[in-house]
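One chain, subunit A, appears in both complexes that follow, with subunit B as partner in the first and subunit C in the second.
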Partner chain A sequence: MDLGQIVFNLLALGAAYALVALGFVLILNATGAVNFAQGDLVMAGGFAAVSFASMLDWPGVLLLPLVMAGLALVGVAVALVAYLPLRRRPPESVFISTIAVGIIAQNAATLGFGAQARAAPPLLPGGDGPGQKLAIILVAAALIGALYVMFMHTQTGRRLRATAQDRDIAAAIGIRVDAMVIATFAVAASLAGAAGLLLANLFFVTPVDGANYILKAYIAVTIGGWGSIAGAVTGALLIALFEVLWPALPLLLPGLDAISGAFSQTMSTIALDIVILLLLMLRPQGLFGQAARSRA
Partner chain B sequence: MLLEIENCFVSYGQIAALRGVSLGVPAGGAVALLGANGAGKSTLMRTIIGLLRPRAGRIRFAGTDITALPAASRARLGLGYCPEGRRVFPGLSIRDNLLVACWAGRAERARRLEQMFTLFPALGERPGANAWQLSGGQQQMLAIGRSLMNAPRLLLLDEPSLGLSPRLTEEVLGRIPQIVASGTAVLLAEQNAARALSVCGHGSVLRLGELVLAGPAAELAASPDIRRAFLGG
Partner chain C sequence: MHTALRAALLATLAAAPLAAVPCLARAAELDIPVLVPITGFLAVEGASQRNGAVLALRKPPAGITIKSSVIDTGTSPEVAVNALERALSDGAVAAAVAPMLGTQMLALLPVAEENKVPLITISGTAAITQKHNPYIFRFFPGDDVAKAAQVRYAIDHFKIAHPAILYQTTAYGQSGHAEILARLKEAAITPVYEDGLDVAVKDLAPSLAKARAAGADSLLLQLHGGPTALLMKAVAASGWKVAIIAGSGLTQPATTALLEPGELAGACAETSASPESRETPAMAAFVDAYRAAFDATPDGFALAQYDATNMVLAAAAQGARTAADITKALATMQYDGLAMRYRSDGTGNMAHSAVIVCYDGASRVPRVAWHFDKTP
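Take a look at the complex of A and B:
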C-alpha cells in the first residue's frame, strides 16, 4: 500500500463519516437536541442500499438518489413521531425518544435482514480499485458542497438557519418553524442514508452498526466544536486519519516495524481517544467552537 | 382601524399580565405605547404578533380576525415585529438577516435590501458581517430593517432605544417619521415617553396590565398625569 492509496482510503472514510456528522449537527442546531438515532439511520441507509440493489441491479451511484429519498421519508417520520410531540419539553426527552427510534430501527433490520453482514454495491460498476474510493470522495464532496450552497445561498437555507438560531423570531418573520424542523430531519436522514450506502460498500452493514456510527458522529462534533458545520467535517476527517493512517504507519516508516504492536487498530482507537482528551483539556469549545457566539 | 385589539386578557400562569386591554392603530398612523417596566408593553406586542395567546379577547388586523392565527401567518399578512432586545440571528450575516424576512421574489428582495441600506447606511458598509459582530446600535438598526423587509402594513417596534446611547436612540427613533411617511403604520412601545410622543400621532398608557390613558400625542405630552409619571415632573 503506497501513500497515495492511504490518502484515498483516508479521505473516502473521512468523507463518509463527515456525512454522518453533518446530519447529526444539522438536527442539533435546528432543535438543540441530540438525535441518537443518527447512527441507526446510517445503518438503515446501508440496508436500503442492499435491498434496492437486490431489486434493481444498479450501481451505487444510481441507487444513491433512491436511498437518500427513502431515508428523507424516514427522517420526516422520525420528526413527526420522536420530535414534534416533545418539542416543548426539555431536550433530554428527545434524547430518549431518538434512542427508542434507534432500537426500533435495529430490531426492524434484524427482523427483515437477519443478523449477518451484507454489502452494498460499489458506486461505479466494475471492480474494486482506487477509482471507487475516488468516486466516494467526489460524491461526498458534491453532497457537502450542495448542502453548503443550499444553506448559505438560498432562501430555504436562510430560513433553516434562522429557525435553528431563534425559533420565536423565525416564526414572527413568517417562517413555518415546524415545517423547517421536519425539513431538517429529512435532510439529515438523507445524508445518513448516503453515508450508509457508502459505508456498506467500504465495509459491511449489520443491524447493530448504529452505535458505532453515532459514537463517531458524537466525537467528530465534539472535537470540531458543538454545532459547527466546518468542525463536524474536520472532526470526521481526524477520526479517519487515525483509523487509516495510524495502522499504516509501519508500512510507511519501516523503522517502526520493531514496535508494530503499537500500530494495531485497537491502539489507533486509544491514540485517538488520548488526542480527544488532550484537545478537550486545551480547547474545551472544540476546534471551531467560536464560529457563532453571542455578543455580550 | 388597521389593528383593533378588543378586551384582551393575557396571563403567565396565574399572573395576569394584560387585563382587558383595547387599543387601535389606524392605517398609516403611529401610536406610542407608554408605560413603566412591567406594565405589559412587551406582552401586548408579543400577543399582537402571536407569540403569546390571549386568554380572552379578539385581535383584528386589516379586517381579518387573527386571534387564532399562528405568528408566521400574521407576519405574512403584513405584521412586522421588531422584538425587545433586538434578537437578530447572531450567526447570519447582515444581508441574510434581512433577506430571510422577505417573502417577495428575488428581484423584489434585492430591491428591498438596497432600500434598507439606504435607510440604515451603516448596515450597507459590510453586509457580509455576522450579526453578533455588530454594535448594539447596529444590531437595533438591523432588527428594524429585518422587520421592514416584508413591507409590513403595521410595524410593531418594541423598546428600540433599550440599551442605546442618547445619540443612537435619537438616530433610531428619528427614522420613525420616515417609516410612517412610506405608508407603514407603527406601534411603538417605549419607556422614553417624551421622545416617543414626539414621533407619534397618538399615545396610550399601560399601567399594571391595564390601559389607563389614551389620546392624541400632543395632549398626552401636555397632561400633568403623564408628566408626573413618565416625564420627570
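Take a look at the complex of A and C:
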C-alpha cells in the first residue's frame, strides 16, 4: 500500500464525508439550527439507491439524479414538518424535532428494508476498487463545484446567502425567507442523498448508520468553523485523514514500527479526538470560523 | 333459606368443574418472553434470535399453551434490564429468551438470580457463564469452543504459523480475541499482527496492509457481519491470497449476500451450525419452515435459539411448569437438537460443538468442512 493509494482512499472517503458536512452546514447557516436528521438522510439516500437499483438496474451514476431528487423532496418534508412550525421557538425545539425525524427514518428503514446491511450499485458499471473511488472523488468534486456556482453566481444563491446571513434583513428586502429555508433543506438533503449513494456502495448501508454520519458532520463543522462551508470540507477531509492515513503511517514511515501500537485503528480515533480538544482550546472558532459565532 | 342455601351449594358445585378448566388451562400455560436486540448494531443477529425462538414457540407440546411477547432490548444494558423487569412484572415467567449481547447478559445476571428465572441465550461472551449464576443457559458455543475450533482448523488445515488477528472492539470481539490468543499460545504460535476495529471503521485497507507487511500467512477474524464483509471485499480488491478463517459473522446469509461468491473463495469460518448447508433432512425441514415463516434464510444463531427454546418446551412436555422446574430440567437434561446435543457442563454452557464451514467461490452457501466437539 503506497502513499498514492492511501491518498486516493483518503480523498474518496473525505469527499463523501464532505457532502454530509456540507448539507449540515447549509441548514445551520440558513436556520441557525442543527439538523440532527442529516445523518439519517445520508442513510435514507443509501436505501433510496438500493431501492432504485432493484427497480431499474442502472449504474449508480444514472441513479444519482433520481436519488438526489427524491431526497430533495424528503428535505422539503423535513423543513415543513420539523423546522417551519418551530422556527420561532427556542433552537432546542428544532434539535428535538430533527432528532425525532431521524429516529422515524431509522425505524422506517428497519421496517422497510430489514436490519441487514445493503450495498448500493457502483457509480460505474462493473466498478469496484480504484475506478469507483475515483468516480466518487469526481462526483463529489462536481457537486461541491456546482454548489459553489449556485451560491456565488446565481440570483437564488444570492438570496440563499442573504437568508443565511440575516433572516430579518432578508425578509425586509423582500426575500421569501421561508421559501429559501425550504430550498436549503432540499439542497442539503439532496447532498445527503448523494453521499448516501456514494458511501453505500463501498461501505454498505444499514438503518443505524445515521448516528455515525451526524457525528462526523458535527465534528467536521466544529473543526472547520461553525458555519464555514470551506471549513466543513476541510474538517471532513481531516476526519478521513485520521481514519485512513493515521493507521497507515507505519507503512509509509518504517521508523515508526517501534511504536506501531500508537497507529492502530483504535488509536486513530483517540488521536482525532485529542486534536479536536486541542483545537477547541487553542482556536475555539475552528479553522475557518469567526470568533463571534455561537455554537449549539 | 335452606332451599336457597342448597341451590347456592349446587350452583357452586356445578360451577366448580367449569372454574377448574381455566385453572388447569392456566396451569399449562407457559410465559416465555422473548427479549432480543431487534434494533441497533446487533439487529440482524437479534432478528435471527427472535425468529428462531418464535418459530419454536409456535409449536408447543400437546397440552401446553404459550404466552409470549417479543421485547426489543436495543443494545444498552439498562434497556435489557428494563425489558426483563417489565416481562417479570407481567406474571409468572417460566423462562426468558435473553439477548445475545454480552454486556446486556452481564447486566441481566443479577435480575435472573434475584427472580430465580432461567434465561436461555445464544450470547458467545465467555464471562456470562463464569459468574456461578445457576439461571443462565447458553446454547451457542462459547468462545472457548468456537475459537478452539477456529484456531485448531487454521493450524491443522491451513498450517498457519504467522497469523494476524483482526477483531472488533466490542465485548464480542474482545472476548473472542482473548480466546484466540489463548488457543494460539497453547500451540506455541505468536500472532504477527493484531488490530482492534471499531464497528464504525470504514476503510480497512490500512489494517490489511499492515497485516500483510508484518508477514501474516493467515487472517483470524473476530468481526461482526458487516465489517467481515468489508474486510472480505478489501482482501479481494488487494489481490492478497491469504488464508482466512473467520468468526461466525461470515456465515450469516445477510453477510454473504453483500459479497460475490468469488470474494468468498477459499475462506472458512466457525459457527455453531450451518442450516443453509442442509446437512440433514431435519435441518432442511427447519430451513424450509423458517423461510416460509419469515421469508429469510436462517443462520446458526436462529437455529441455536430454535434448539434452546425447543429444549424448554421439551422440559415442559415432561412436566416442568414453573421457572424452578425448568431451571432444574435445563441443568440436568440432555437434549438432541437439530444443531447438536445440548447438556449443561454445570455452569450453564449447553453447547459444546461447533462446525467449520468453507466457501468454494462458486456459491454463497458453504459446505460443512469439519465438526468439532469439545472434550470434557
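A few notes on this one:
The rule is short, and it goes like this: the second predicted complex is superposed on the first by the 285 of 296 C-alpha atoms of A that agree within 3 Å, B and C clash if a C-alpha of one lies under 4 Å from a C-alpha of the other, contacts with A are read in each partner's own complex, and residues count from 1 in each chain.
Everything below uses one rule, namely that contacts are C-beta pairs under 8 Å (C-beta built on N, C-alpha and C of every residue); 3 or more make two chains touch, one makes a residue touch a chain.
All values derive from a computational prediction rather than experimental measurement.
In the superposition on chain A, A:107 contacts subunit C only, with no contact to subunit B.
In the superposed model, A:282 lies in contact with neither subunit B nor subunit C.
When the two structures are aligned on the shared chain, A:207 is found in touch with subunit C, with no touch to subunit B.
Considering which of subunit B and subunit C touches more of subunit A, the answer is C. Residue contacts after overlaying the shared chain place A:159 against subunit B, while subunit C stays out of touching range. In the superposition on chain A, A:258 makes contact with neither subunit B nor subunit C. When the shared chain is aligned, no partner comes close enough to touch A:55: not subunit B, not subunit C. By the touch criterion defined above, A:175 reaches subunit B but does not reach subunit C. Of all residues in subunit C, only 38-41, 43-44, 46-47, 169, 195-198, 200-203, 205-207, 209-210, 213, 225-226, 229-230, 233, 237, 254-255, 257-258, 296 touch subunit A in the complex they form. Listed in rising order, the residues of subunit A touching subunit C in the complex are 1, 5-6, 9, 13, 106-107, 110, 114-119, 128-129, 199, 202-204, 206-208, 212, 243-244, 247-248, 250-251, 260, 264-266, 269. On the subunit B side of its complex with subunit A, the touching residues are 49-51, 70-73, 75-76, 81, 83, 87, 89-92, 96, 99-101, 103, 130, 132-134, 139, 146-147, 149-150. The touching residues of subunit A, when paired with subunit B in their complex, are 155, 158-159, 161-162, 165-166, 168-169, 171-177, 291-295.
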